[in-house]
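Before any comments, here is the structure.
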Amino acid sequence: MLPWLIKRILMLVPVFLAVSVVIFSILHFIPGDPIDNLLKIGSSPEARAEMEARYGLDRSLPVQYGIWLSNVLQGDLGTAIVARRPVADLIAQALPHSLRLGGLALLFSTVVGVTLGVVAALSRDRWSDRAIMGGVLVGSTMPSFWLGLILILVFSVSLGWFPVSGARGWQSLVLPVLTIGLGGTALVARITRVSMIEASGRDFVTLLHAKGLSPLRIQLRHVLRHALIPVVTILALRIGWILGGAVTVEVVFARPGLGTLLIKSLAQHDYPVVQACLLMLAMAVMLGTLMGDILQALMDPRVRAAMT
Amino acid sequence: MTRLFRKTLLSASVSLAALIAAQAATAQEAVFVMATNEVGAPTYNPIKATMLNTATGLIFDRLVSQAADLSYHPWLAESWEEAPDGMAWTFKLKQGVTFHNGEPFNAETVKGWLELFKTTEGENGYMAEAIASVEVVDEHTVKFVMARPEPNLLYNLSSTFMGVVEPKSFAALGDNYGVTEVYGTGPFKLESFAIGQETVLVRNEGYTWGPEVAANHGPAKVERLTFREIPEDSTAFLELKTGGVDFLLSVPADLMGEVQKEANLAVLTMPGQDVWYMPINVTKAPFDDIRVREAAAKAINQEEILASVFGGVGAVADTFLISALPESHVPDGAKIKFDPAHSNALLDEAGWAMGEGGVRMKDGQPLKVTLWTQSDSIFRRLTEVVQAQLKAVGIEAEITTFDSSMIRDQYKTGEQHLAVRSYNWDNADIVDWFFGGDRLGYPNVSMFNDPKAEELRAAAMTGAKNMDERIANFTAYHEYVLTQFPMAPIYQPVQAMAYSTDRIALPEKIDAPAFGAAAFLDLEVKE
Amino acid sequence: MSALLELQSVSVSIGKVALLDGIGLAVERGQILGLVGESGSGKSLTAMAAMGLLSLIGGRVTAGVVRFDGQDMAAMTEVQRRKLRGRRIGFVTQNPMTALDPVQRIGEQVDIVSRLHLGLSRADARARTLHLLTQLRIPEAATVAEAWPHQLSGGMKQRIVIAMALAGDPDLIIADEPTTALDVTVQAQIIQILGNLVRDRGVSLLLITHDMSVVAQVCDRVAVLYAGRVAEEGPVSPIFAAPAHPYTAALIGCIPQEGMAKGSLAGIPGAVPSAMTFPAGCRFHPRCPRASAACCASQPPILPRGEGRVACHHPEVAA
Amino acid sequence: MIAPLRAFRHPQGGLAGCWLILVIAAALAAPLLTPYAYDVQNLPQAYQPASARHWLGTDEFGRDLLTRLIYGARTSLSVSATAISISVLCGMVLGAAAAWFGGWLDRAVTMVVDLSWSFPEILIALILVAIIGPGTTGVMIAIAVAYIAQFTRLTRAQIMMLKGETFIEAARSLGAGNAHILFRHLLPNALAPVLVSAMLATGDAIILEATLGFFGLGAQPPVPSWGGMMSAGSALVFKAPWVIVFPGLAVAVTVVAINLYGDALITELDIRSRLRREA
């Protein structure tokens, strides 16, 4: 498995390079110039040129890219143009918040989603199945900012259980995690249910029944195990999705995090920060795919076999 | 290795002590929410920044303080004297003052600071422009040699931008100054700062040199202040309502009623320093025609806006300056007031005839203009009303919303016809800032560059030998600008703050134009 | 003593579609009953009905009785039925490639049967598994027990499935086309193994197949199924000597040769009609060389004939 | 083309279909349905709760909320549907080309698609709006691009699956050219799953449009869109909750309806397994 892992990681290198090119170049299409924020109004073109030189914006794009990439590889994400401090500091401030929120949301949607999916699959086509899948559908069709606002209105304003905004203590995580988690729950529950039903129809399940095993044991010990393989793969693939998808929720709850940092920097044309944020997300995505593959291998001997 | 170990141990014990101290201090701490127009200030560097928040004024003291009646009083300067010809100022400095990093405050540091202020690249240099050089008379006396008389000097010295900076650390820290570390002489020290999120200040225990206008000269009564930045007013209000924060440094007019509904919340109002207005781009057709500008300006129904958008709190604006300033007292004829009949007549006269669908037409072209605003909800709401009011005289305005931090760049393109903006300043030199011919694009969003105005502007900015002359010159400049209709004044709010009466005890009187150092020195937290 | 497994006029439907119509057959103790028919004639459904597993595919018995060892399966609780499955009835599936849980080791999949039904400990169950595997002539049984299903060949997997069926020490094995998915050489081995089981262990066997040659090889009796009905049933030798039903005759007449498509009978034109379009009268009549007006009009009753039974309006006419 | 009608026979599909028809009809006939204009302010009437005159109440400018909701449907539905149509067209071309020509093109397309699929649509759209600029057109293009990956993936998978089928082999052996096979055989057969998932994606696009509207990036005032209405209402949620509750419900109910109807359609077209492979 180790050679496979090394090969797999090496395969990420061209992907990383491609992503870095996309991230680097896309931002140069954004109209507006961060230098404008820095220059004294009415500054001379010389002052402007000097400022551009200072941030390396006067070189050709490929050269800028080369410099940027080599800096990034050395762990230097540059200096934020508007915030005037190392981008790494900003990321270091934001990332823990995002990881906490994203991680908990992932955990929530996995646990709740799988549970609901299993219950729905076991009670297939009965009212409990319909109720769960209906609830899940409705849950997934509510815009997350709207859901967040409604949750604030109910649980913070009316009931006073949780803080309205910010990131102070675990209480402030409950509503944001719930807001993001509910959307993810729908996805997980749906995939779990479908995979369970699909797996239940497989030949080996008939034989398990013929062996006299109890249906519950068959469902939980065998069918669920198979059903979880796609669930885990998709969840791992969606790590970046969950981190980035927290944007709206972070804004609604006025929480610090990669999303708010990205939105703000995007609005301010603070290239180095936007680039770093996107790079972080892209790396989370790549890491997610890798983890998905590893988890799949751990869960399925056939995949393991294909690796060697 | 051992040194490293000892260092680690030391820092660990220090941080543990700090932690325990922080725990003990929780009783004497309060959480504030920054005013929405101060959200996102990137630095606490008063020399470089174009935007400074309330916390800056608590870190840095100024030489001069201002009372509610706008008169000047001692702070770091005990007394001062202006030469009869206005060409020199002598300041006697308070003794025993130290910076947060232990450096002494004296004539040398004032000289060092002002040199930094004049030489550092930034937009604030004009405030010290009239000072030719600084002479150290003795350790506690400093003399400003002037290049020209500057009646506005005391105002400038009382502004947060001229908070006295410790020069050595400023030079040493470079770009990190004001971001990671910052040293002033103020009643509070910076503990932590996350841009756009939160600033924590702790009490300067040795502080005894508070401004004359404060009852308590130090140290402050509250040990620890947390300033949260919440961009959305309604979120901030809900935080206050649910006890998440103790004090909102700004409350929009439409939420004041909501605050008053709550038994344990109260509103604090102070005279406003803001003006909301609609800049009109004079270079962009059809607004290159002064008649069309006047028509647009007079289509704005300030009374309706005051009543409906701002719940009747505050006052209408009919000049560009807050009415507390003497320079705002221009003849009635120069004031810009709602007059739809006149607007319609002017548009007819300019050849814009009323067309179908209520939009005026000329040469087959509809009277369609762009109207820019920023994404904060109050701006969007006001802009929509402005849009409807323009529509009423046949001008169709198309709104484009920009992020508030981005809109300044956008103005530099000069592509907008109209915009809705606000400023916060209590000095007449704001007319120069927004209509000076050398600041086209931004801040001169109106792209106003008029030879006569430039003459009047020079006289107002640099030609006055004393305050009376300055007021007269600025009034003339202001009046002329108004008659050219490069903008339409809309509204002047009051400064409204909201706080929890369970948690906060305000001083009886806040003798300052704004809720700053003086108020924070006297403020108490209830147990 | 009654038959070990007995189906009396069993009808089965899935949803509203009636698929089996009055099936009657019996597996005597120590005997092998061959159940023959083309694809779609209802063989597997009969097996599921015998196992009491129709609910898995959404089917149910609408009429008739399934008796195992004299007991009515319908009268049992689900738990009782579960105790029959694996313990007294072993099941060998059609496709060994998909019959094993791909993410569980071979040994564990066999062990569970004896642990569950015979109450053996983990270690004893493993010992029994290894013993069974050895008996089924699986080389290096211990290694195989630790292997994953994907590491084994089809024939090997089918032996594992047979081992699983035997692990509970059953009285009856139902083998649903156990050789269809396998190579011809392997097919012979598997059939031989199954045949030996009956001889050596006294197990009864319900062998479902479409292959008349297999029936001729190992079965004591044979039941021919066509479109959800029993066409003919009886001891193997008389039927092979003189099949009464034209369908039986056709089946015998075209014992598949190598290279023929599986599941089809090239000798008989047409195909088994689907359950939605069963013709009236004798369901075989559209393909039957002897078909008469009576065949179109009415369904032939199943009547005793010699030691067996046949359902045909024209059983006398020689093929 | 009968399947869309047959989907009405499912109780949920029928109900959902009726709601969708209702919403679309209301959006089309907006001026006939309401006596109010969506943009005329009546400031003294601001923040009125539901009443006989204003069935859903009024917003912060005293405008009738129901009127704005109906006109808002115009914006929200047309932006989402147009965006998804563009997306489907581009995705089908890309996916078909990748599947058909294979090789480096396929690898490149697959990589880009896989990667962008892992990013939330909202992020892609936000960045694109930053590039294009706010407003209806910007949002439309942003949404379109954000969903291209999904349809490229789906089309590619369908074509890959169909490529191996006998009728394609038959066409090829009859001497049909690439273009002929691609346009006459492969794409039409791949169409049903793509169209159904396009319909489902339109639901997601409505949410995305609303979210962009919430960030103030969608239709500019006074033109109403569901997201824009909620964005304005979010500041007043405790004062006039109806301003945000009703547009939110409109989004949720419409998207649920699209999903239920789509589900019925999938059942009718019997393409569940073909879609699932792509889930």
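A, B, C and D are the chain letters, set down in written order, and residue numbers restart from 1 in every chain.
Please note the rule applied: a contact is a pair of C-beta atoms (placed from the backbone, for glycine too) under 8 Å apart; a residue touches a chain by one contact, two chains touch by 3 or more.
The model shown is predicted, which means the values in this text are computed figures rather than measured ones.
When the C-beta pairs in contact are tallied for A-D and for A-C, the bigger tally goes to A-D. Distance from the chain A centre to the chain C centre is 52 Å, each centre being the mean of its Cα atoms.
Chain A and chain D have Cα centroids lying 22 Å from one another. One simple way to say how far apart two chains are is to compare their mean CA positions; for chain B and chain C this gives 90 Å.
Residue numbers of chain C whose C-beta contacts span two or more other chains: none are found. For chain D, the set of residues that touch two or more other chains comprises 215, 234, 237-238.
Among the residues of chain A, those touching two or more other chains are numbered 152, 157, 267.
Inter-chain contacts occur between A-B, A-C, A-D, B-D. Looking at the complex, you find that chain D touches chain B at residues 39-41, 43-44, 46, 60-61, 134-135, 215-217, 220-222, 231-232, 234-239.
Residues 232-234, 237-238, 258, 304, 307-308, 375, 377-378, 380-381, 383-385, 387-388, 391, 398-402 of chain B touch chain D in their complex. Partner chain A is touched in their complex by these residues of chain D: 111-112, 114-115, 117-120, 122-123, 126-127, 130-131, 133, 203, 207, 210-211, 214-215, 227, 230, 234, 237-238, 241, 244-245, 248, 251-252, 255-256, 259-260, 276, 279.
Against chain D, the residues of chain A that register as touching in their complex are 15, 18-19, 26, 29-31, 137-138, 141-146, 149-150, 152-153, 157, 191, 194, 198, 230, 234, 237-238, 240-241, 244-245, 247-248, 251-252, 262-263, 266-267, 278, 281-282, 285, 288-289. Partner chain A is touched in their complex by these residues of chain C: 51, 53, 56, 82-87, 89-91, 93-95, 98-104, 112-113, 116-117, 148, 150-151, 161, 164, 168.
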